[in-house]
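The following pair of complexes shares a single chain, subunit A, combined with subunit B in the former and subunit C in the latter.
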Partner chain A sequence: MGNEGTYPYLLLLWLLPLAGAIVNWAFGPQLKRAAGPLGSAFVGVSFIATVLMWGAATQGVPGGAIGAHQSLFSWIPGFDFGLLMDPLSLLWTLIITGVGFLIHVYSIGYMDGDKAFARFFAYLNFFVFAMLTLVLSDNFVGLLVGWGLVGLASYFLIGFWFFKPSAVAAARKAFVINVAGDVGIMFAIFMIFASVHSIAYGDAFAFTSYPSGWLFAICLCLFIGAAAKSAQIPLHTWLPDAMEGPTPVSALIHAATMVTAGVYLVARCAPLWSHDANAQLLVGTIGALTALVGAILGCGQWDIKRILAYSTMSQIGYMIMGVGVGAYEGGVAHFFTHAFFKAQLFLGSGIIIHALNNEQDVRRMGGLRAKLPFAFWAMLTGVVAISGIPFLGAGFFSKDLIIQGALEHGHPIMYAVGIVTAGITAYYMCRMLFITFLGNYRGNVDPSELGIRHPELAGTPAHEEDDAHESHGRAPAWLMNVPVAILMVPTVLIGWLMFGGENSPWAHFFAQTFPHETMAAPAPVSEMFTAVIVFVCVIIGIAVAWMRYGAAPAAENAVERLRVESVRMPAVLTNAFYFDAALDWIFVRASQLLGTLFGRFLDPQVIDGAVRETVFSAQWLGTLVRSFQTGLMRTYAFLIAIGATIFMIYYALAAGGVK
Partner chain B sequence: MLVLALILLPIVVGLIMLVMPSRDENPVLAKSIGTVVAAITFVLALGSKDSEFSYQWLSRPFQAALHFGAGSISYWIVLLLAVCTFSAILATNLPRARAFIGHMLILEGAMMGVFLAKDLLAFALFWDVMLLPVFFVLLGWGEHPATAWRYFVYNFAGGLALLMATAAFGILFGSTDVIGRPDVHVIGAWVPWIFVGFAFAFLVKTPVWPLHTWMPLTYSDTPAPMVAVVSAVQSKAGLYGLIVIGMAFMPDYLKAYGGVFVVLGVISLLYGALTALIQNDAKRVVAYSSLSHLGLIIVAIASFNPIALQGAVIYIIAHGLFSAGIFITLGYVEEREETRSLVRLGGLGASNPKLAGALCIAALAALGLPGLAGFVGEIVILTGVFQAGYTWPAILALIPIVLAAAYMLRLFQGIMNGPQVEDLPVRKDLGWLEGIALAPIVLALVVLGVNPHALTTFDPAAYNATHVNQGVATR
Partner chain C sequence: MDPMSVPVADYVGLSAVIFFIGVAGVIVRRNPLIMLMSIELMFNAANLLFIAFSRAWLHNAGHIFAFLIITVAAAEAAIGLAIVVTVFRTARHVDVDDVALMKG
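Up next, the complex of A and B:
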């Protein structure tokens, strides 16, 4: 895969963020406030180098190699490493470095005054490097290296405020669940290597005679990794907790880039998936379920970042459904548009959180439209885009590609789930928008009147945050506003790239990337019909949200209505369908129980006990032990023991000499 | 001659330090001498690749020679030993430093002898000698004398078995000067017994379940600098022996008992990982993780696959590096906080960020983070094990990788993150000398994690690991 050659820009764009991470990490104390601009510059230059790679990444002959390939080194025969930049990795690289750069700039403002300012940028740069490793690798092990390193960066950044126990626990949970995913990919690698004696994508995809059942097993194992990283059911439970990290981290890692790695993996392995209908069905089903469950759970959240976290989970469910059923271009398109509008939504929420002194509970917001007009417009365009309102936002174009794609590939149930979820999405996103920006400000209302049971748990405790943020707002406000403003352009407009079906720029870009399957039958309904149905559902969702939270009567006695809703929230929603509890009982507690059995009973009592009884209760040993307590004996003992050793050797030889 | 210097220099200096009159204790001088000797040893070790020394020692009842030389695997273990000893001595901060460092040097020299020996008898002799410094340090510096005796009884039982097997080998086949000779391949009625003798010694030393109960006690009682070397290098003596003796000379028997080895290895993997999960003594977490990690190498060797064997060598070095790194940093933690209980420790990272960074890197390597050497060993081993047809061991061996993430993060976060639990002393962050002690280890973990090619240049066929089935697809 890819045209072999030497590509200095490719190496440059890959290694620059690593250099930035090392510089920020090593010279953090000296750099002080310069760490932010410096870290951003490394990623910015990396973005420019990516643009310069455009030509090489998209060149190729039809049916032949496409993109740029650069060999690096080899561990042992079969384990060969290299970089590959083709249209698929180019797309991801553009987002990682481009949106990544904007979020770096935003962070200069958001993290200003934090004690560990330079450390933050070191981690952020390191994340960009790791994510680039993931998408630029030309083989499965290199992908896994990037896969693990983004997990590490995510761990560091979730636990960035490591004096908070909740952040520490969330970081560990995210890491361990992701290692469980890594292990799935490892097993897929074993099967691939045993089949083709190579870890390279090209060899694995070109191979056609996998033993029966192996192709499905490989896809399944790869998907375990994808599900853990991309927060698919049932491995999604770490993502809402991951919101413990600073908001720019949520925007970059837990919305725009890292959590879409699963989508990348399935799209990259399209040649494998396209050959196994069961794998397609499995991944499509999990994706659809995740989209639906995430959307339902999004309706029951009060923390603005957790609402966005569940919506991320739900939107990635769409993408996974798309690439799963074989609508690769649609799934990847939704990654592309989602990266912009979800980053914007998170950064917009960051402006709110920043302005309200780290308040994250939407019940304690309200009426912010007048106070924070820029944030309102940022959130509004984001909500329009994610809800899929026709032609006004990017999400409409990409989401419809997926929903229609599910039908075209013969999955009517997924098609229906996609439509229903679109309606729910519109509902909970508008719910968040209306509660936050309409009505009157409720920040000075007593938390218990709003139904907030544990006010100290809602949002980030202010006093701890004061440790980290010594002073807000020394940095100028434009540092946070400009990146959001820039993101608003693609959020509104970028979807037009996907307009026009076969002739769209999007279809041209990926013309040689994905396997083109012949459809069994044309979809029974047209794209236009689907778009209308989706639109009807979206309108219903928005209307319900408006009646419950936006309209004048609802806004007037919002305090009472929110209290009632909080109190009456079904337990199944507040416990997020008990996924957390189930995983905890099945895996965590079971392991601890076994560990306790082994460590507290079996090891000291049974295995060691037997030895103790036979050897150490002997009288002779006790006497010997006591005589060694005196200091002088130790010095002699060394010589004695050497003598004994030599004597034993002599004895062994003499015994043999008789022969 | 160079190899002889590698063995004798540390032993002679160590013995002199031990027998010197103890009136004028000067810990700085002792540490300086120890560090310089360890550094010289390291430089010598770098150049020892083609060095050999042989002296005909016995002709009756069998041929035996004081024959030493670095093979393609032992060269790297010798380098590992030199690096770890250097780091450990530099990190030493104990009472009676002169005697302790003397023991450290003797330990280094004795282990040099084990890994450089080309003669089975010399191998067995140095095997027993390398037990002694640990034994005396446990008696002199440990918390419970019973631990020293437990270490001694277990390992000397192994040493005795090794010695008898060696003698039997020599008497039956006429010569023990055989390590590294590809043409030696023994079979016969007595060979199973000889094999069992060797295997017992190797499995106790590694250790493998259920012969492991001396190990958590030893690891938690031995002072950090020495346990760093013991877990990094001494625990590899058994694995090394299994490759260059068991696999090389008696492949038929290793293969015949292969199932037993695989089962014991897998049990060790799971048992160690699960037990590590609930330990509250930081050093015991690492001890049980060692049981788990070394079980993987046992599986790799028993699978008789060239890729798994190459992975095993990578992992031998990687495990040495990260376990030395963890034990040295845990030693720093204990010096500062005067406890290593995960229940009492907490929040140390706020006042000691550099120490936290050091422990973090070592712990990440131990949990198999991609990009560090431990990961390379794990994935190459398991790729080979799966290719050899051991599907279930490969699947089961993946579980401890997840558990490792859990217990290593519990260890790291329990010490460094969160709020302070108790009012423990607040002391200075890592000094530059303490940092230099860790630098070579961290550097090696990163370099080998990116590209371990240097470690895999040996020919697996030389160790008889060629009789493999080449995977399901081509079967």
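Up next, the complex of A and C:
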């Protein structure tokens, strides 16, 4: 895969963020406020180098190698390491460095005044490097290295405010679940190497004689990793908790890039998936289920970042469904548009959180449209894009590609789930928008009147990080507004790249990247029909949200309505469908039970018991033998005499027998 | 009188009697001096057998063994008496049943 050559820009864009991380790590105390611009500059130059790599990454002849391949080193036969940049990894690299750069700039403003300012940028740069390692590797082991490193970076950044116990717990949870996924990928690599004797993508994809059933097992193991990283059911529970991290982190890692690594993995391994219908069905089903569950859970959240987290989970469900069923262009397209509009939504929510002194509960917002007009427009374009309102936002184009793709590849149920989820998505996003920006400001209302029973548990309480995170930083406001404003352009417009079916620029870009399956039959309904149905669902969702939260009567007595809704929120929603409890029962309790078994029974009874019994039997034998040792000389003499007599009798009889 | 006019079985019988007198002495008596004397009896019973069979079969090996046993018996008596004296020095009396330091 890829045209062999030496590509200085490729090495440059890969290693620059690492250099930035090292510099910020080593000289953070000296750099002080310069750490932010410096870290951003490294990523910015990396983005320029990525753009300069565009030509090399898309070069290629039809049917032949495409993209740029740079060998790094060989370890032992079969283990050749190198960098590969083809259209797929180019796309990811553009997002990682491009959106990453904007988020770096935003962070200069958002993190201004934080005591660990340089540490933040060191972690952020390190994350960019790790993510680039993941997408640029030309083999599975390199992918796994990047995979593990982004998990580590995610751990660092979720637990960035490590003085908050909840942040530390969330970081640990994310890391543990992600490591479970890493193990899955590791087993996939074992199986691939056992059959192919090489770790390179090209060799693994060209290999055709996998033992029976192995292809499914490999895909399954790879997907365990993908599901853990991309927050797919049932390994998604870490993502909402990961919102404990600073908001730019949520935007970059837990919305735009890292959580889409699973989509990248499935898209990258498309040749494997295309050969196994069961694996496709599994991945598509999990994706559809995640999209639906995430959307439903998004309706029951009050923390603005958790709403966005569940929406991220739901949107990644769409992507996974797309790449799962074989609509690779669609899944990847949704990654591309989602990276823009979800980053924008997170950064917009960051502006709100920043302005309200770290308040995250939407019930204590309201009426912010007048206070924060820029944030309102940023969130509005984001909501329009994610809801899939035709032609006005990027999400419309990519989401329809996936929904239509599910039908074209023969999965009508996933098609229906996709349409329903689109309606729910529109509902909960508009719910968030209306509660936050319409009506009157409720920040001065007593929390109990809003139904907030435990203010300290409802998101991050205001003023908590005043020691470390000085909210009233000296950085100018434009540092946070400009990146969001830049993101608004692709959020609104980028979807047109995917317009035009087979002739769209998008289809041309990926013309030679993904395997094209021949359709058994043309889809029963046209794209236009699908778009109309989706639009109807979206309109219904928006209308319901408007009736409940936006319309004048609802907005007037918003306090009472929110209180009633908070109190009457079904337990199923507040407990997130009991996934945490289920995982707790299945894995944590089971492990504890196993531990108890070992600790209470196996170790003291069996292992210690064996040692103890050995001692006891030796003692018992000693006591028995000791009773013969009377110390009385005459007893010994008597025993000797008896023994001698027995010998004599024996030999006398034996001698007689011989005769 | 020719010693061989007495049948060899009589010597064996006498030897057995002396030997068991010795064994009984060792087992029954508690005075170490008497026990040493009883051990001498057992040695001499063995010696008597050696000499008797040596004469009966006209073979000299028995004589040599008899001398060997007399030597061993002398050494044994020396060591035994030394032990008895040592025990007497600490305990001021001699009774083998009191010398039970090896009791387990």
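Heads up, the rule we're going with is that the second predicted complex is superposed on the first by the 591 of 659 C-alpha atoms of A that agree within 3 Å, B and C clash if a C-alpha of one lies under 4 Å from a C-alpha of the other, contacts with A are read in each partner's own complex, and residues count from 1 in each chain.
Basically, contacts are C-beta pairs under 8 Å (C-beta built on N, C-alpha and C of every residue); 3 or more make two chains touch, one makes a residue touch a chain.
None of the values given here were measured: they were computed from a predicted structure.
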Determine, under the contact definition given at the top, whether A:Ala194 touches first (subunit B), second (subunit C), both, or neither.
first
Figure out whether A:Ile607 sits in contact with subunit B (first) or subunit C (second), or with both, or with neither.
first
Look at the residues of subunit A and decide whether subunit B or subunit C touches more of them.
B
May I ask you to decide whether A:Met186 touches subunit B, subunit C, both, or neither, giving the answer as first, second, both or neither?
first
In the superposed arrangement, which partner chain does A:Thr208 touch: subunit B (first), subunit C (second), both, or neither?
neither
Which of subunit B and subunit C A:Thr596 touches, first, second, both or neither:
first
After lining up the shared chain so the two structures overlap, which partner does A:Asn444 touch, if you call subunit B first and subunit C second: first, second, both or neither?
neither
Overlap of subunit B and subunit C contacts on subunit A, residues 625, 628-629, 634, 637-638, 641
For subunit A, which residues count as touching subunit B in their complex?
73-76, 78-79, 141, 144-149, 152, 159, 162-165, 168, 171-172, 175-176, 179-180, 182-183, 186-187, 189-191, 193-197, 209-211, 591-592, 594-596, 598-600, 603-604, 607-608, 611, 615-616, 621, 624-625, 628-629, 634-635, 637-638, 641-642, 645, 648-649, 652-653, 655-657, 659
Residue ranges of subunit B touching subunit A (in the complex, touch as defined)
18-19, 58, 60-62, 121, 124-125, 128-129, 132, 135-136, 139-140, 145-146, 148-150, 153, 160, 163-164, 166-168, 170-171, 210, 213, 216, 271, 274-279, 288, 307, 310, 347, 349-350, 364, 367, 369-371, 375-376, 379-380, 382-383, 386-387, 394-395, 398-399, 401-403, 405-406, 409-410, 413, 416-419, 451-453, 456, 470-473
Flag every residue of subunit A that touches subunit C in the complex, lowest number first.
625-634, 637-638, 641
Complex contacts: residues of subunit C adjacent to subunit A:
23, 26-28, 30, 35, 96-97, 99-104
